[in-house]
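Naming follows writing order (A, B, C and D), and every chain is counted from residue 1.
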Amino acid sequence: MTYFTRRASLCAMTAALSVGLGLGMTTALTGPAHAADTVTIGYAVSKSGPSATGAGITTIPNYELWVKEVNAAGGLKMPDGSQRMIEVIEYDDRSSNQDLVRAIERLATQDKVDFILPPWGTGANLAIAPLMDRFGYPQLAVTSVTDMAPDFVKRWKRSFWMLGGGHDYAKGLAEVLAAAKAAGTFNGKVAMISVADGFGIDLVKGARPAFAEAGLELVMDETYPLGTSDFAALMSEAKASGAGAFVAFAYPPGSFGVTKTAQSMGYNPEVFYIGVGGAFPIYPGIADGKAEGVMSIGGVDGNSPAIQAYFEKHTAEIGTPPDSWASSITYASLEMLQQAIERVGLDHAALAEEFSTGTFETVLGTTKLEDNQLRDLWWVGQWQGDHFTAVNPADRAGATAPVIPKPEW
Amino acid sequence: MIRIALPLAGLVLLALAPLALSDYGLGLLIGMAGYVTLASSWALFSGHTRYISLATVAFYGTGAYTVAVLNEALPYPLVLLAAGGIGAALALLVGLSTLRLAGVYFVIFTFGLAELVRQLITWYEVTITGTLGRYIFLDITPAQIYWQLLALAALTLALTAWMHRRPLGLALRVIGDDEVVAAHAGINLARVKLVAFTLSATIITLAGAIASPRWVYVEPAIVFNPTVSFLTVIMALLGGANRLWGPLLGAVPLFLLFEYLSVHFPDTYPIFLGALFIAVVFVLPEGVLAGLEKLRLRRRPTTREAKA
Amino acid sequence: MFLTILILGLVLGGTYALLALGLTLQYGIARIMNLAYGEVTLAAAFVLVALFKAIGLPPLLGTLLIVPAGYGAGWLLYTVMMRPLVARSGASGRLEVDSILATFGLLFLIQGLLLVAFGANFTSISYLDRGVNILGVSVALNRLIAFGVCVVAGGALTLALARTRWGMVMRAVALSPGSAPLVGIDVMRVARQGFALGTALAACAGASIAMVQTFSATDGVVYTMKALIIVIMGGVGNVPGALIAGFALGLVETFVVTTIDPGLTLAATFAIFLCVLLWRPQGLFGRG
Amino acid sequence: MTFLTIDKAVKQFGGLRAVDGVSLSLEAGEVLGLLGPNGSGKTTLLNLISGALPATSGRIALNGTVLTGRRPDQIARAGVARTFQLVRILPSLTLMENVMIPAVFGHRAHWGAAAETVARDALEAVGLGARAQGIAGDLLYLDQKRLELARALAAEPELLLLDEWLAGLNPTELQEGIELIRSLAGRGLGIIMVEHIMEAVRALCPRSAVMNSGRLIADGPTGDVLSDPAVIAAYLGEVEDA
């Protein structure tokens, strides 16, 4: 390097570092001047990138809805009876866990928010768990399906896992299918496809033994890569397999593609089950109004007045109905937070203790965590009329009997 | 003298920084150290040869994945060693097969490579091991990650500086200007490119391995995020990929700017990002350093003559 | 079995080929490596859906409107954004890198605008979704239409390039932008036409995607990548090459799904692509 | 042992034989003019010697070392240096760096001070010594040509291939160029120069070889060769064609 470039380098370096530091300072040090009479709640979710779709359907609308409601009602009630408005600090994690981790650090150490709401997705929730633990924040992980929740609860004492694990959903489905087989409404043969990511694999691993135990015969068991957009070949294979139940542990847009392909090729198994996306409010539109009888993950008790009211206000405020799986649970977790704050205030340890042991009234009904996990969940739902109705566990109050065989498309 | 003393002083200062900073400040430093390492090691090969590689994330992700697979089986230093070894082996393999490609074909090949690696790992995990998504539970504090990354960044810069003064560095510059002349001057094109590519890829793999404990949960879709490759390229080019300090000068301000935008404009962040990119291409096509140099030249048009 | 693979593969390949036509023109004639290609495609898809939902405009009719709009948008984009880059690079190879960087920025810009305008939701419409029986294989009608559009557009383009004076000028610029001015060709104008036409084809592909698939604002990169693979395999700027490569890709994917392992579909795609790159960097049908 | 032996060298491009069984030899220190009409295969022959193109068949050897089948960099290290028909400098590097490259990577492989000395000498030899730190891209055409020659010299070659190095120079520059090459010839290295300027060929090359359509049609003392009817016919044919 010549003398000349060196001079330029030094010069540029000084300039860039001062600009950089200046920017960094404003970034780092413009902590919010939050007033003492507000509660600051922070979250980092994916507003761009591949996770933006899921977060934009399940997580963000509920956060916004809840904050709006609470503030419209005068704010969060504190144990002393006073009310404090919520002030929100939100960041975009750009669907990158590295950015997410940094955003959480910022929320905890720079913004010093009173409470941190979780991001969307299993991986994202796991990525921030050690941090939340270190900073002492309770983590109400809603959109995170993991069979390892019992271990995580031991590892991170203030983490709460509210969406069950893959085995639960697989077992629930196996029960539904076994019952149908016993009733003679389908032939006991299952064609199963799954998406090759953590979620799909979890479910498949749960489903294989669960199906075997339930006396079901797996006539097709294939895994396709994330990002597959054409299902014509897979579906024609499924159609040819003679299976009475078609099961796709898929993500949108895969679950939607599967539906459309089945419709266009006139594939009408007795049971048509898809993974994530089946409970989305846009699903009936995607199925061209012929969603009746389609099964999927989750479900709601469509007859519950609380759920009906929740659907109505979500539709009024956000413009679309919520999804019928994790949305209501997300909203319920916020209600739990609201009630816990009213009982014990904002102290993190007290909040965690309250989440762990308290009983809450939410849109889901009376809600209580077991071993820091929400276990009172719906594993299988089915489109019946305008609702994505819960059908399993069949013995839980509010369950509806499944319609099998599904009406033809 | 000052050329060694100043960076050394800066390094010491940076190494002490975690003691004074909040966790978030440290998080920022980790991010910066990471991207400085990526951009600098990327430039080690691509800066002079002008082979734009988009395979950064293939190696970065491989490093992270190696840690995820081995972190319970081996002690941490050995895991790092293994990651470096795997990265180097992969780079040799890729290097040997891509040396024929030039220009945009090389760009696209490297992009495809990242996707292929990701798909193959996914397929392997799904069908052979039956697990997808691995956990990294290592007792490594953010400060320790930072120090490791800082050391790696310093090492990369030192290596680059050293290479600039060795035949290898000269050879890379010649290749960037004219491969035909390079060959006729006695430069073994294949060997030079292979050595530089492997060095660069090994460092990138190590960076991925070191940063991975911060993710806890690792899945191909998470670690093979193509944005990393693109950001690396942009940062290096913004600063000036063929200068020693260029990649650093691009990485630090861009990183802070991204952070600033995502904090203050979470909804419209991609729009700002895009507009900024376009602006950089139009206003500073050869990087900040070259831009500054040009500015100085314009002020003192005789500099070059005076120098001669 | 064989017949199923053949028919499904060809129909799938049709959508791929249609997607790649625009990119091969943009890259082959205008020398712009457009990384925002997928985003442009998506934008067209969103607009089509919005028109359908808002005023009930039938998608096929909407396509007829969107294609000329795409041409106009491409023309504008080239004039405002690409022209200065082209002018600046002159004969040096810098345009390639510059265009990659600039369109990478454009990618984010369009994605951000789409997110703001249409949200992060999955979007889809049901249009001509019923199955049609072809030799015993059931194929969705909308896919058949996309296939037809591809064959018509690709065929017309191939003919126009091979037989007309306009096509000759296009090919001259694609082959040798340096010497085209010597025979009185205004390279900049031809490049702009090529780019605009490419954008129009991208819009057309977007319209067919809107009819066939569910999509969201962040999907653009997927389409860019698929198109890029086909363009490189077919040979840059080579329209029949892109058509054949698109069909070949559809057949290979369908074959792998049906007979090997669906988990390896994308891996197989990329492996084939990389092999072609190594074996014939100029593409299967490029001049070597 | 002969210094340079070219034995039945063939280069086939599809259906065209650009070099068609050329055999030629050169003694150490000899300066050979390689003549012929455009497209007769002269540059292709140089490319075969320097390794820029692989020979289809035939054998080329320098001091007994076989060059055919080896890469350009190996051939360069064996002692062959060249200039290009269209001048090729490295525009972003300084003159010094341009010239240092073959000194560093050539068959003597110097580094540090030794390489700089070699490079400086080469620059001095072509009269660019004073501008060693300038950027090559800023040079005027003649100086670019000088730089390219200096780069070839810095390889300390045994065989120097000049491809129309004198083309495009004005009369004054031409005289300077001829003097420059003459001084090199005095150093004892073998030179093959492809050249169209007869004045230069007559002045510099005691011996000339003429190619036409890929074949060698004459080889001998320059004066004899230039008056050979076959050679005249070849050149006239070109004029008529043009």
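The rule is short, and it goes like this: a contact is a pair of C-beta atoms (placed from the backbone, for glycine too) under 8 Å apart; a residue touches a chain by one contact, two chains touch by 3 or more.
Given the structure is predicted, the values throughout are model-derived calculations rather than measurements.
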- Item | Topological distance between subunit A and subunit D, in contact steps | 2
- By Cα centroid distance, the chain farthest from subunit B is D
- Message: So, comparing each chain's Cα centre against the centre of all protein Cα atoms, which one is closest?
- Response: B
- Item | subunit A and subunit C: spacing of chain centres that average the CA atoms, whole Å | 34
- dist(centroid_CA(subunit A), centroid_CA(subunit B)) in Å evaluates to 34
- subunit C and subunit D: spacing of chain centres that average the CA atoms, whole Å: 48
- Computed distance of Cα centres, subunit D from subunit B, in Å: 42
- Message: If I count partner chains per residue in subunit B, which residues reach a count of at least 2?
- Response: 119, 122-123, 126-127, 267, 269-270, 307
- Note on the structure: Multi-chain touching residues of subunit A, meaning two or more other chains, are 2, 47-50, 196, 223, 225
- For subunit D, which residues are shared contacts with two or more other chains? 133
- Of all possible chain pairs, which ones touch? A-B, A-C, B-C, B-D
- Touch list for subunit D against partner subunit B, complex: 50-52, 71-74, 76-77, 81-82, 84, 88-93, 97, 100-102, 104-107, 111, 130-135, 138, 151, 155
- Message: Give the list of subunit A residues in touch with subunit C in this complex.
- Response: 47-50, 52-53, 55-57, 193, 196, 222-225, 227-230, 232-234, 236-237, 252-253, 256-257, 260-261, 263-266, 277, 280, 282, 285-289, 320
- Item | List of subunit A residues in touch with subunit B within their complex | 1-6, 8-9, 11-13, 15-17, 19-20, 23-24, 26-28, 47-50, 90-99, 101-103, 105-106, 108-110, 122-123, 126-127, 129-130, 135, 148, 155, 196-198, 200-202, 205, 223, 225-226
- Message: Help me check something: in the complex, which residues belonging to subunit B touch subunit C?
- Response: 50, 52, 97-98, 100-101, 103-105, 107-109, 111-113, 115-116, 119-120, 122-123, 126-127, 226, 230, 233-234, 237, 267-282, 285
- Query: If you look only at subunit B, which of its residues touch subunit A in the complex?
  - Reply: 3, 22-28, 30-31, 34, 119, 122-123, 125-127, 130-133, 135, 137, 164, 211, 214-217, 219-222, 225, 227, 239, 243-245, 249, 252-253, 256-257, 259-260, 262-263, 266-267, 269-270, 288-289, 292-293, 296, 303, 307
